[in-house]
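Here the structure is laid out as C-alpha cells; the discussion comes afterwards.
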Amino acid sequence: MPDFSQINPSAKKTGLVSFDEVKAHAGRDSCWVVIGDKVWDVTSLLPNHPGGTNAILEQAGTDVTLAPGLPTNSFVHRRLFDRLHSHDVLDLLPPGSLVGYVDQDTLPKIVHDDPLTEEELRILKARESLPPPSAALNLKDIERFAQQVLTETAWAYYSSAGDDEYTLHENSAAFKRYWFRPRVLNKVSRVSTSTTLFGSETSLPIFIAPAALARLGHPGGEVNMVRVAGEEGIVQGISNNASCSLDEIVSARRPGQPLVFQLYMNRERAASEALVRRVEREGFNAIVLTVDAAVPGKRERDQRAKGNYSGIVPNGSSPPAGKGVAHAISGYQDPDVDWADVKWLQSITSLPLILKGIQCVEDAELAFENGVQGIVLSNHGGRELDFAPAPLTVLHELQHKRPDLVRERDVYIDGGVTRGTDVLKALCLGAKGVGLGRAFLYGNGVWGEDGVRRVIEIMRGEIETGMQLMGVTSIKDLKPELIRYVDRDLPPIASR
Amino acid sequence: MPDFSQINPSAKKTGLVSFDEVKAHAGRDSCWVVIGDKVWDVTSLLPNHPGGTNAILEQAGTDVTLAPGLPTNSFVHRRLFDRLHSHDVLDLLPPGSLVGYVDQDTLPKIVHDDPLTEEELRILKARESLPPPSAALNLKDIERFAQQVLTETAWAYYSSAGDDEYTLHENSAAFKRYWFRPRVLNKVSRVSTSTTLFGSETSLPIFIAPAALARLGHPGGEVNMVRVAGEEGIVQGISNNASCSLDEIVSARRPGQPLVFQLYMNRERAASEALVRRVEREGFNAIVLTVDAAVPGKRERDQRAKGNYSGIVPNGSSPPAGKGVAHAISGYQDPDVDWADVKWLQSITSLPLILKGIQCVEDAELAFENGVQGIVLSNHGGRELDFAPAPLTVLHELQHKRPDLVRERDVYIDGGVTRGTDVLKALCLGAKGVGLGRAFLYGNGVWGEDGVRRVIEIMRGEIETGMQLMGVTSIKDLKPELIRYVDRDLPPIASR
Amino acid sequence: MPDFSQINPSAKKTGLVSFDEVKAHAGRDSCWVVIGDKVWDVTSLLPNHPGGTNAILEQAGTDVTLAPGLPTNSFVHRRLFDRLHSHDVLDLLPPGSLVGYVDQDTLPKIVHDDPLTEEELRILKARESLPPPSAALNLKDIERFAQQVLTETAWAYYSSAGDDEYTLHENSAAFKRYWFRPRVLNKVSRVSTSTTLFGSETSLPIFIAPAALARLGHPGGEVNMVRVAGEEGIVQGISNNASCSLDEIVSARRPGQPLVFQLYMNRERAASEALVRRVEREGFNAIVLTVDAAVPGKRERDQRAKGNYSGIVPNGSSPPAGKGVAHAISGYQDPDVDWADVKWLQSITSLPLILKGIQCVEDAELAFENGVQGIVLSNHGGRELDFAPAPLTVLHELQHKRPDLVRERDVYIDGGVTRGTDVLKALCLGAKGVGLGRAFLYGNGVWGEDGVRRVIEIMRGEIETGMQLMGVTSIKDLKPELIRYVDRDLPPIASR
Amino acid sequence: MPDFSQINPSAKKTGLVSFDEVKAHAGRDSCWVVIGDKVWDVTSLLPNHPGGTNAILEQAGTDVTLAPGLPTNSFVHRRLFDRLHSHDVLDLLPPGSLVGYVDQDTLPKIVHDDPLTEEELRILKARESLPPPSAALNLKDIERFAQQVLTETAWAYYSSAGDDEYTLHENSAAFKRYWFRPRVLNKVSRVSTSTTLFGSETSLPIFIAPAALARLGHPGGEVNMVRVAGEEGIVQGISNNASCSLDEIVSARRPGQPLVFQLYMNRERAASEALVRRVEREGFNAIVLTVDAAVPGKRERDQRAKGNYSGIVPNGSSPPAGKGVAHAISGYQDPDVDWADVKWLQSITSLPLILKGIQCVEDAELAFENGVQGIVLSNHGGRELDFAPAPLTVLHELQHKRPDLVRERDVYIDGGVTRGTDVLKALCLGAKGVGLGRAFLYGNGVWGEDGVRRVIEIMRGEIETGMQLMGVTSIKDLKPELIRYVDRDLPPIASR
C-alpha cells in the first residue's frame, strides 16, 4: 500500500492505476509514465521537453524510474529518469498531470535478465551501513564516506585532478606549512564569524565554490546546496555546468539569498550574453568569470573511470569515449578569451565581475587595473595545469608585493581546504573569503541536504574554536602577525 | 583464607562475616558493603558522601568492588567503587567501620550474566603478560605498554590532540631538528642535574606537568605521582581537574615537598578565589594559571572513543554524548579571562604566579610586564589549537628576540619530550625546566607508582649520560653554543 | 597455407619446400635455412657474415627462427636469428636467395625437451593481455607495461642506473621542485610547438635521445624509431651502440629526415674517423660526442640480471660474466679523451659538433670556447656517476651565471622527463630542446612502432595543453618568469 | 680418519689417542683436553691461564670445542674454547703440548640432550646458503648477509647506536646531501688512489677504523683484518677492546705494515702507560686516543639482545645483566680525561697522537693547539650521544671556518660510509682519509678474511670509477669545487 502522505499537495488524489492502463498510454496523443510510485501524464511535455520529444516517447507507457524491489532512495538508477532529473521537476508539470498511484501488484515481475552490476551492489551495500552525518567529525570523514557510496564515475570526476595531481596535493599541503602565533588572555566567549563576501553579508568567511554536476552524486543536485546555503546564510556559486536548471535553482532560493554565477565564456558570445542577461534578471549578485581553464586539464582518473555517464551530461552532448566527464561537458568553452572580453562583459552587465583562476601577482594587478570587483586566486582545484601554484602561495606573494590590493580589494582563494584552521590562515594572509568545492559535492553526494549542512556545521565549529584559541573574536582581527611560515624565518641561534 | 596481614592496622580485627549478614544491612539505618575482601559499615558516611547518599544506598548490602574470581589488582572494574575511589579513602572512615573479612564461601557464585566485555578481556590479558618497569628502556616503551593496558577511553583521552594532531607531532619533531655541538676532554665523572624550578630545589630539570584524571589509568591516580615525586625530589604540578582530591594529594605529600597548583579560571570567580586561598593554605608553592585553553580543543580521537567514563568525571557531571572527556570536564572554565584577571589573581594570593600556555614572544613580554614570576611555553600538549607552534620554536624565537628574558626570568616549556636529549636542547636554548605530562600518565597507568618512578629513572639516566657526552657537568653549563639548528646555518662551500 | 602476399617482391615466387630438402643443404657448398615461413639460400653469405662463417654453418639446414607452435609475433626467441637480426637484413641477400616457402607439414614435430622457461612463459602471458597503446595515458603507464613484457635482461639494462640510483631519481625529482606562474586571458586556441633542434625544424621541442640496443626490447629496434620520427617530424639521435646497422637505419629514413649521430671515441682513433666520415656521407645532421661516460658506471641491477644476452651484443663480443650489458658493449670506448680530441674531431668533419654530458658551468663555458655548436646537459640518465647533478639543476645554475650562453647558444638537456610540463620547465629555464631516451625504448619494447608513436602523441598532447594553460602559444614565449623554484624564494610574512 | 696434513709442524706427530685416555688426565697434575681433532696437554698452562686456572680445570679431560657431528667451520660454538680463543693461541703452548689426534671412534656418541637452539639452527641454515663474497656488489649487500648469519648478540652489538639512532642515520644521510660537479674531457684511464694516512703510504684513502670484538662475528677476529690489510696495503686501527691479543695481531702483521692503536684512557693511568709503551715497542705507527666516549652511550638494541656473550668479553669481566656488550667491556674507561692527559700522553710516547671523536670546530682548534698530529671527526658511529652531528657536517663547517687546518693538518673522518662516492665527497671537503668500521666487522663476520678483502675490493672499484667519472686522476685533485651542498645554494631564478 503506497504512502499517500508523501503525495504532492498540488496534485489531485486519485485511486490506484493498473500498469496495463499505463501501457495503453504509450503514444504521442496520450503519454503516461510511472515515476516512483506514481503515474504521470506527460503528454503536454512532449513538444517542449528539454531533452527532446523522443527521449520521452521511447519510454512511454513504462516505469522510467527504478526496477521494482529496489529501495526508492537507492542511488542505483537503472532507468533514465532519475539520472537526469530531480523529482522536483514534476512540480513544473501542469495541474492534473498526476494520474494517481500505480497498483504495485500489476507491475511486471521483473526477471532480472539485467541484474545489478558489481558496482551497483557495492553502492547499495555501502549506503545501507552509512551512518548519520553527525558521525563525520571533519571534512576528511565526509570524503571517505563519499568514496564509499559514489559511483566510480562520480568519484573520479569529483576527485581527479591534472596529470600527476601535484597541484591537487600542494593545494592542501601549502596550508600545512603555516603555523599560528596564537595570542592568549583575550576574552573570547563571544566570537563573530560574520563577514561580507561578494558584497553580501554571510555568517561565515567561506562560500560554496561553483562546481559542475552535483547531481552525479545526489539526485537533488545543486538545489540541495541552495536550500542549505539559504538556511545557513552563506554565499553559493552556481556553476555554468550545474546539473540543475537555473529555474530549479532560482525557485529554491530564499528571498534575498546571495548567489553568484560562474561563467565559462561560450565560443558563441551571443549565448554568453543571453546567459549573463538572464542571470542578472534572476537577481544573482555577481558574475564570476573562470579564466584558468582555457582548455580542459588532463584528468587521468576521470579518463580511466569506466562508468556510464550518458544522460547526466547537460545538453545531451555525448562524451567522446575515454576522454572523461571533464571533456564531455566543456565543448562550448572558448580558449580564446582575453582582457577585451573582460571589458565586453563589463559592458553588457552591471553586476560585479569577479575573475576566478588568477595564479600570479601580475595577473592580479592586471585584473584590478581592468576594473574587476574581485579575484579568486585558484587553480581550479588542481584540475587544470599540474604544477600550478597553491592559491595560498600566490596569496602569500601578493600580500608581500601588493599589500594594498590585499587590504583594499576583494581577494578570495579556493582549493585544498580541509580544516577551519586552513580558512583562518588564508584570512590572516589577507583573503576576504575562502571557497570550498569538493567538500560540498561530497557532503551532498553522501547525505544530500543533510550532508551539505554537515559541511557547514563542521566548518563553523572549527572556525569558531580556532578563532577563540588564537585569541581573536572577529574576522577583521585575523592578521599576518598571527601566522609564521614553517620554520624558515627562525633566526640563527645566538652563540654567546 | 584471606590474608589478615594486609588489614588496616587502625581497624579492629574480627572474624569472618557471611554474605547473608551483609545483605541484612542494606538500609539507611545500617549500611554495609563488601569492598575487596573486607566488610565495611558505611552508615555514618550516608549523609555526607561526596557523591550523594543514594549512590551508596543503591549498593547497600552488596559487594561494590570486583566480581569474585577476578584478580583484585585487576584493572577491570565492574562495580562502581573502584572506578571512583582509591582504597585510601577507607582510612577516612571512623574507627570501627571495618566490620571484618567476608567469608568468601558465602559469596554468591556469580553466574556471568554480565560477562566480561571484549575490551575487559583484552586488558586483563595484556596485564597478565606485562613485564616489570625495568623492561621499558625509554619513554616510548612505556607509551607502547600504556596503549596495550589502558581502556580505550583512557588511551584516547590521554593521547589525543587537536584536529589532525599536527601540533602534537610537531612538539616532538621540533626537538629532532636541533643537533648538538658536543665538547670533549672535560672531566665528566661527576655530573649534577640539580637545579631550581618554581623556586624549589629539584634533583632534575624536569617536572611533572599538571594533567587531569590520572585515575583513568590507575586507581592510585595523582597520589601515586605525589609519593614518587617526593622520593625522587622533583616538582609536581597538580591539575585543577585532578581525579584525586586535594585532601588525598596533600596527605601523600612529604614535609616540604614542592607542589604547584594548576588553575583554570572558573566562570564563578568566587570559586576560583576559594580554591586559590585553600591551595595557599595547604602550602603549595605556586599557582600556574592555564591560558591556552579558553575553550576545549577538538580532540577527535577522544570524541570517537566509545568507552563509558561516567563515574570518573569529577563532580558527577555527566559528559554530553560524543563530545569526549575533554568537554565533559571543562564546563566550568571561563573563556573570558584577560590580563585584568591576572592582576586580580595577584591581588588575592601571595603565591608566585606562573602563566602556562604562552605561545608567542609578544605574550611572553606582556606576561613579565604584568609581573608574573614565570611562564610555561606550551600549547597544552597539542590538545588545543592545531598548528600552534612547538614550544621549542617559541623558545628559539624568544631566545633570539629577548635573550634578557630567557636569561633573567623563569621560562619553562612542556610538550613532546621523549628523551633526555630533548630536555638538554631546551635547556641549551634557555629553558629553566621542562615539563612532562603524558609520560607520567602512561607510567602511572601501566605500573602505578613503579611506573612513575621508572619515568624519572629513565630521564635521569638519559640526562646524565647526555650531559657527560656533551662535556658538561652542571645545568648552568648548557648554552646555545652547544646546539645547531638542522643544517640550515651551514656556510656555502668555499670554491677555491 | 602461408600468406604469399607478404613475400619480398624482389624474390622469385616458388612452390613449397619440404624440410627434408632443407636438411640436405647443410654444408659450405649449399647452405639453406628456414627463417619464419620461408627457406633461404645463404651460401653466398658464408664468407662475409658479420658474425663469422661458423655462426651460420652451425645452424645450416635447420629452422633458425622460432620453434613451431609459438606465435610468430612472439617475443620469446629460442633461436639465434631473431635475437641478432631484423628481418630487413634479408633484403640485403642477393636476388634468388629466397628459395620458397617451407612446407609446414614436413617440419619436425618438436618435442619440447627444451621447454619454455618461466621467464618466457611470463612474457608470453603478459603480451597476450597487453592492451593497445591508447590504454597508456602517460609515460609512466608505458614504463609499467614495459616492465611486464620485457625480458629481465632488457628491463635491467634499460632501467638501471649507477650505484644507488640517487641521480636517476633526482633527474625526475628536480623537475618536480619547479612550479609554474601561469598567465591567463591570452588567446590560446592555436598553439605552435614547432622549433629548431640541432639546426633542423621539428614539430616538438623534444628529441629521441641516442640509446643503445633498442632490439633488446623489440626486433624492429632503432629502425622503428626512425620510421615514426620521420612521420612525426622529430629529430632522432642514433647511438654508436645501436642494435640496427647504419644501413638499416639510413634505409628507413625519409628524405631530409634529421638524424644526429652519437659517438663514443674509439681507442682506435682511425675507427672513429672512418665512422665519422661515413656518418657525414650518409647525410647525418650532427655529431654528438658523449663525454660523461669515460668508463662504464656501476649499474648493479644490470649486473644482477641473470638473462642471457649473448648474441645481442654488437660485434659478437662476449660479455664478461656478471658485469652486465653496459660493460659488455663498451670495451672499445676510450677513457682518455680530452679537449684536443674535440679539436681533432672538428678537423675531420664539417658537421656540427655537440658535446653530450656536460655537468657544470665551467665545462659548458669551455665547450663553447672550444667552438662546439651545442651542448647537452646530461648525466647519461643517471647511469654513470651517482650523485651527478640533475641536468635541470645545471641548467638553472647556467641560466644564472651565463644567461648569455643560454640565450644565444644551443643548450639541450636530457634525463628524467616524464611529463610535458617537465619539458616546459626546462624550456622556461633556457633549454632549446629536451631529449627522452628510456621512454622511447619502453614504447618500442612494448608495441614497436606504435609504442614509439604513442610516446610522441602523449608528449605532444601534454606540451600543447601545458602551453595553453600557461597562457603561451609559441615555444619562444617560455621564459624564466613563468616558473618558481619551490617555495624557497617566498618573502617573509609582513608583520604590520 | 683425521687429516694429518693440517697438523702444526712444530708438534711431534703421534698416533691416535683414545678418549678414555683423555678422560684420565682431568686433574691439576695432568690436564688434557680435546680441541678439534687433536689432544693437547695444557697442564703447563694452568698457573698462568689469562682466564684463570679454574676455567680450564672445569673442562679438564673433555672435548672443549664442538659437539661431534657439527661441521667444524660452524659458527655455532657450543663449547667454551672457540668462543674465547683463536686456534692460533695453541702455537703459544710449549713444544710437546700436542699429544696427538683423538681417536674419533672413542668419542662419546653425544645424545643431544642439549639440542641446538632456534638461533643456532637459523645461523647454520643461513650459512649453508651463503653465496661467495663476489655475490656482494656493495657494502649494503654485505650488511644484509651479516644480519642473516651473525648471532643476535653480535648483530645487536655491531649495528646498534645511541638512543633513537638519529645520529647513526644522519651519518649516512649527510653524505647523500652533497652532489658532485663532475668535470669531463680529462684523460682518466690511469687513476691513482694512493695517499698517505697516519704518516704511512696506503693504496686507498680509507682505513679500517678501530672497533671492538671482531671475534663476535668470526673466530679469526681482528687477525683476519690484519692479514688482509697487509695484502691490500691499507692502514688498520686496532681497538683497545680488540678480541684478539696484541701478540696475535702483531704476529699476523707483515714487516712494515702500518697499524695504529686506539686507546681508551684507563682509570689506572699506569695501565695506560704500560700499554702505550708496549704498543710503541711493537712498532705501531700512532696512538689514537678516543675522546667521544667518556661514558658508554645508551644502545638499546644492544641492551635488548638476549644472547649469551659471557666468555667473549675480554678480561673475563662478566657483563651486568641487561646492560649490553657496550657496558660490559668499558668498565675500565675513565670519564675524567682532559687536555692535561693529552699532554701527559705526549710525554710518555714519541708516537704521533691522534684524537678521535672531535665534534666541533672549537675542539678541532684546541686539538692542534695542543700539538696533536691529527684528528678524527667522529661520533663513534652514532653509538654515543644521539644527535651528535654527522662528521661530514663538522668537516663542512671546519672547512669553512678553518680552511688552513683542513689544508695543512691531518683531518680524518669516520662513520656512515656506504659508497666510494661518500669517501670522495669527504676528500673534496678536505678529509685526508676516511675510516670504515662496521663494514669490516660485517665482511669479517660473514666470510672472514675473504669478506674483509671483498670490502676493500668494492671500495677500491667504487673509488676508482668515481674519480674517473669526476674527471680526476689523483687524490690531491679532489677539491671543494667538485661538490655542491644540496640545492640550497642555487641562485634565485632570473626574471627578465
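The chains carry the letters A, B, C and D, assigned in the order they are written, with residues numbered from 1 in each.
Criterion: contacts are C-beta pairs under 8 Å (C-beta built on N, C-alpha and C of every residue); 3 or more make two chains touch, one makes a residue touch a chain.
All figures in this text were calculated on a predicted structure; none of them were measured in a lab.
The two sequence copies chain C and chain D touch through a face in which the numbers common to both fall below half of the numbers used overall. Greatest Cα centroid separation from chain D: this falls to A.
Rotating chain B by 90 degrees superposes its CA atoms on those of chain D, with the angle stated to the nearest 5. One inter-chain figure worth recording: chain C and chain D are separated by 48 Å, centre to centre, where each centre is the mean of the chain's CA atoms. Between the Cα centres of chain B and chain C there is a gap of 67 Å.
In chain D, the positions touching at least two other chains are 484. Contact annotation for chain pairs lists A-B, A-C, B-D, C-D, with touch applied as defined.
Residues of chain C that touch chain D in their complex: 163-164, 166, 170, 174, 177, 291-295, 297-298, 300, 303-304, 322, 334-339, 341-342, 355, 357-360, 362-363, 366, 379, 384-389, 393, 396-397, 399-401, 403, 429, 479-481, 483-485, 489.
Those residues of chain A that touch chain B in the shared complex are 134, 137-138, 176, 178-189, 419, 421, 425, 461-462, 465-466, 468-471, 484, 487, 490-496.
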